[in-house]
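All remarks here apply to the structure that follows.
When the chains are written out, they are named A, B, C and D in that same order, and each has its own residue count from 1.
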Amino acid sequence: MSGPELVVFSLLGLAGVGSAVAVVSGKDLFRSTLFFGSFLLSVAGLYFTLEASFVGIMQIFVYVGGVVVMILFGIMLTQQEGARLNASLERRLTVAGPVALLAGILIAAIMTTSFKTVREVPGVDIATLGKLFTNDYVLPFEIVSVLLLAALVGAVVVAKEREK
Amino acid sequence: MGLEYYLALSAIFFGIGLYGALTRRNAVAVLLSIEIMLNGATLNLVSFSRFTPAKSTGQVFTLFIMAVAAAEVAVGLALVFALYRAAKTVDVDEIDMLRG
Amino acid sequence: MNVDFTAGSLLVPAAWGLGFVLFSALNVMFLVWMERKVSADIQSRWGPMVRGYHGSMQLLADMVKLLIKEDILPAAADKKMFALAPFLVFIPALLALLVLPIGPGLIARDMGVGLVYYLAVPSLASIGIFVAGWSSGNKYSTLGGMRSAAQLISYEIPRSLSVLGVVMLAGTLSMMGIVNAQKSLWFIIPQILGFLVYYIASIAEVGRTPFDLPEGESELVNGYFTEYSGMRFSFFMMGEYVALLVACLMGAVLFLGGWRGPFGLLPQLGPVWLLLKAYALVYVAMVVRWTLPRYRIDQLLEISWKVLLPISLINVALTAAIVFVGGEWLRGLLG
Amino acid sequence: MTYAWLIPALPAASFIILLFLGKRFGKWSHFVSVGAILSAFAISSFILYQVIGGRGSEVLIPWLSIGELDLNVGILIDRLTAVMLMVVTSVASLVQIYSVGYMKEDRRYHWYFACLSLFTAAMLMLVLSANYVQMYASWELVGLCSYLLIGFWFEKKAAADAAKKAFVTTRIGDVGFLLGLVVLYYAVGNLDVGSVLAARLAPAVATAASLLLFLGAMGKSAQFPLHVWLPDAMEGPTPVSALIHAATMVAAGVYLVARSYPIFAASGVAMDVVAGIGAVTALMAATIALVQRDIKRILAYSTISQLGLMMIGLGVGAYSAAVFHLTTHAFFKALLFLGAGSVIHSAHTQDIFEMGGLAKKMKGTAFTFAVGGLALAGFPGLSGFWSKEGILTAAFVKGAYPVFAAALLTSLLTAFYVGRLYFVVFTGSMRKNMQAKVHESPLAMVAPLAVLAFPAGLVGLIGSPLFGNAFQGFLRLGESGEHVNLMVMGLSIAVALAGLGFAWIKYSTGLLPSGLIKTSNPFFLLLKNKYYLDEIYTRGLVAPVVGGSRALFSFDSGVVDGAVNGTAWLTSKAGDLVRRAQRGQIQDYGLVMVLGIIVLIFWMLTFARL
């Protein structure tokens, strides 16, 4: 990574990590969700630095524009006064230890592994992606579309108020 | 050498999300944390697609994961609504109807 | 990604950013004045006439008034969020200008996924609206915010689908590419259905009458910005007008040939043509606003799901059929 | 004669019908059961007619095959069967008719008739059995029915206890029966009645088998020392007592010995044991009967005593005389019991010394009771006289003088206690409190008495020398019975008259001072307490068994249950412990998963380095 790239990566990474920490530790759910939005935008930025602009755009389109708004709806509709958001300090510490250990192991493993990397894989254009979707991955593509339909119907059925 | 940085970052994201999923008491907050974990994973995939010859499969899968995540959030939120109606709370500590 | 932190390369984006801000500020001023005049015309009255020629300086006076007004912070408000919300509404609209092709080769950033960018970024305003409604600590505001978000989400779908036909005909997502593809035929002709859906959905997304439910005065006092006053209020105003302008500019780019004059006339006037086309669309929107009554929420959602969505799907299917059957002929036609 | 299966089938069908529909029939239930038993009676009569005509049959149907053991079921009809069928069906018919009046007020009316039908059916099946296993099954069924009927009024503790006592006591005999069957099976290889009786058994085997079978007979026929259940069985309804004593239950034991007579005859020891037990039983029961105050108990002991006489007859080889006595006894004992029932029904007491002078109000009952009593006492000319005569003669001729003496003494005592019973109950002055309530019983009760009086009085004639011992000749296929021994007959007449006369003097004339025998007399007390047999059983058998059971129970509840409960406790505690991990909190599971993943990664890094 060249210097400027490293700067951009560090800024986006710091923004992402900071947002993520805010998401999982904040006392206010609404703000957590907004921080989740900024986390997603940071990740989208990382996608752009990875020359995956379509994925980055979709990240904004689907995640920020769709999922976050949907979650905001969820918060609005299930909001409770004075509900505690966090587990007890004891529990948080209990969880933090193993999770930090796991992340540490992962990072150590990543850093000590030498990957067979190829520099400068040219960014794929959308046409190539589209061809992949409609040729190599047409079956998963169709399955995902069925899944989305099922989720649509299922969500409506589950969330619908039972008529007495 | 950039791949390791991205992978390490995704591992950190994953860990943060995991921590949140295990400590948050609100069902929606748990959902958020799980999404963070998912993003860690997808970042991983996209990084590999950028730095390894397996061309753009990672991006394709990231897009699949996004679609699945959107479906997951929709269904998850529907469940949260149903839960809220049934239990009048979304506190996962208080929702222990499965308790033996 | 090629990042370049040299002084020259940093200057260009800075210049673009400044240009966008100035451009939108000027246009907002003009649009507000225009709106007042159009409404007055429709209602058979004069409108502002005192300040400047035919009241053209009225908005400056209004600005001064808003700036010196007290900035009220509601006691129940979440102060940081309350302050943040206007920017969250204003900035996405502004960011959309990033992919606007102004003239041949004249574009801030010609992304390969430009069209998707345009579809994705302005919709982030819904989060700002949500934040504004929620942070006000007022149930009318919250309800207004939720309504607005629901409206935005539901109209995003037909809007996104409506431009698919354009993409199919142009064969690219790049905005520049789309303009280039309309060299000989504006897409409004083969994509009349898509255009209508896009236009209606855009008006709804911007939240203008007859789709201005989120701020319906008679039901929700003034929607999500009830509690806002002074400068913060003016930001919402600006955000709304910028969004309207951007929607119309993009409509012109996508369906009316962008900066191209009719029949290839006066190509030197590229940006002027674009602005003229956009203002034509804005004028229609204003006439619609002052002519039609407001819809009910159920009618609003019904129009989205039961009218616009099927139409846009039919449009996609028709376009796909045309492209599939007459690909050669079409390519010849489009040059 | 294949239709003979109808004889047990009809009452059995009646039982099933009443079992399921009895509640609906209610007070009309008896039509089903009486109809069934009368039909069975008619068929039995026809079969008797055919058997007299010289026909017999044995039908065997393979039933089941267990290894080497092939079991058949079937119907065996010979002369003994025909006679028994007549006795059972006729007595059962009359008892059932009588019950219609006697049980009228009972709220389990239909259930009573259902049990009675089943009882009769079981007895008929027993009599008709062509296979010992089949017979054993019927035998057990008879035991079950006696349990149900003796304990019919199970609300009364005494009735429930008596039922249990009868059941348990007879079970002791049943075990003997079963073991006897095992011995027979090993000796013969087959348990069909025909082939078992035809087999030539080694003397030792015959002795073992017959003694074991006799153990069963002792239980059912209330022979000493297994007789203790019978007096207690008086807790059942009186018609049931009549049925048990006359035709069904107790007759089963005698029938078993009579049916298996060839086996017994093959073993001198067995015959001596049978005769000896019979003598002891007869004498013991007669002496106890002398001092009893309860009308039904007196009759019960007389039954035991008479059964003892029958065993004597069988033991001394007077097979036909014994069966003859069984027949005559069935009639007059049924008559006596039904008469006693009639008395109890109207006097509402069972203590004879609370009665007196009942003959004035209950002429029919008194007369028929007198007939039955005289027959039992061996009054010359009546049926009991002739049948007892045959047994006495056989004993004397055979030279079994101790047995003969015991039988003769029994006859004397019998005549005395019968006289005592009759005179105390029916003659003399009536108690004040009795006068108002005593009345003659309804026709449904008196009519069977009247009907029964004829066979009770006269059935003996067919076996008397006057008719050439036709009955004995019929049973023994033409061979006539013992020749008349005038000396025995004279002795018999003398003891009967002496006993009756002494009773008359003692209880009717008042010539003897009333305090002649002190009630504190040890011999009197011994008799009154039935030789303390119940107490001996209680102390000697029941107490150790109960004590041992208690010890075993405490071992069971302490050690065995303790181990089981300990296991359960341990399991539940372990469950509590494990349950902590199963809190229903997904986040906890997630944490455990994280730990598991860490462990897995370490494992892979250390041992499975890729």
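Assume contacts are C-beta pairs under 8 Å (C-beta built on N, C-alpha and C of every residue); 3 or more make two chains touch, one makes a residue touch a chain.
Treat the numbers as computed from the prediction; the structure is a model and nothing was measured.
Peer 1: Quick one: most central chain, C-alpha centroids?
Peer 2: When every chain is reduced to its C-alpha mean, the one closest to the whole-protein mean is B.
Peer 1: In terms of C-beta pairs in contact, which of B-D and A-D ranks higher?
Peer 2: When the contacts at B-D and A-D are counted, B-D has more.
Peer 1: Just give me the whole-number Å value for how far the CA centre of chain B lies from that of chain D.
Peer 2: For chain B versus chain D, the centre distance works out to 85 Å.
Peer 1: Indicate the whole-number Å distance between the mean C-alpha point of chain B and the mean C-alpha point of chain C.
Peer 2: Centre separation, chain B to chain C: 33 Å.
Peer 1: Using the average of all C-alpha atoms in each chain as its centre, how far is it in Å between chain A and chain D?
Peer 2: Computed from C-alpha means, the inter-chain centre distance equals 91 Å.
Peer 1: Using the average of all C-alpha atoms in each chain as its centre, how far is it in Å between chain A and chain B?
Peer 2: 6
Peer 1: Give me the residue numbers in chain D that touch at least two other chains, ranges are fine.
Peer 2: Residues 587, 591, 594 of chain D each touch two or more of the other chains.
Peer 1: Counting only residues that touch at least two other chains, what does the list for chain A look like?
Peer 2: Residues 5, 50-51, 54, 58, 66, 70, 73, 87, 95, 99, 102.
Peer 1: If I count partner chains per residue in chain C, which residues reach a count of at least 2?
Peer 2: Correct list: empty.
Peer 1: Given which chains touch which, is the overall layout a line, a ring, a star, complete, or other?
Peer 2: other
Peer 1: Would you pull the chain B residues touching chain A in the complex into a rising list?
Peer 2: The contact residues of chain B facing chain A are 1-9, 11-20, 22-29, 31-33, 35-36, 39, 42-43, 46-47, 49-53, 55-57, 59-60, 62-64, 66-75, 77-82, 84-85, 89-91, 93.
Peer 1: Enumerate the contact residues on chain B facing chain D in the complex.
Peer 2: Residues 18, 21-23, 30, 92-93, 96-100 of chain B touch chain D in their complex.
Peer 1: Over in the complex, which chain A residues touch chain D? Could you list them?
Peer 2: These residues of chain A touch chain D: 87, 94-95, 98-99, 101-102, 105, 109.
Peer 1: Help me check something: in the complex, which residues belonging to chain D touch chain B?
Peer 2: 579, 582-587, 590-591, 594
Peer 1: In their shared complex, at which residues does chain D touch chain A?
Peer 2: Residues 587, 591, 594-595, 597-598, 601-602, 605.
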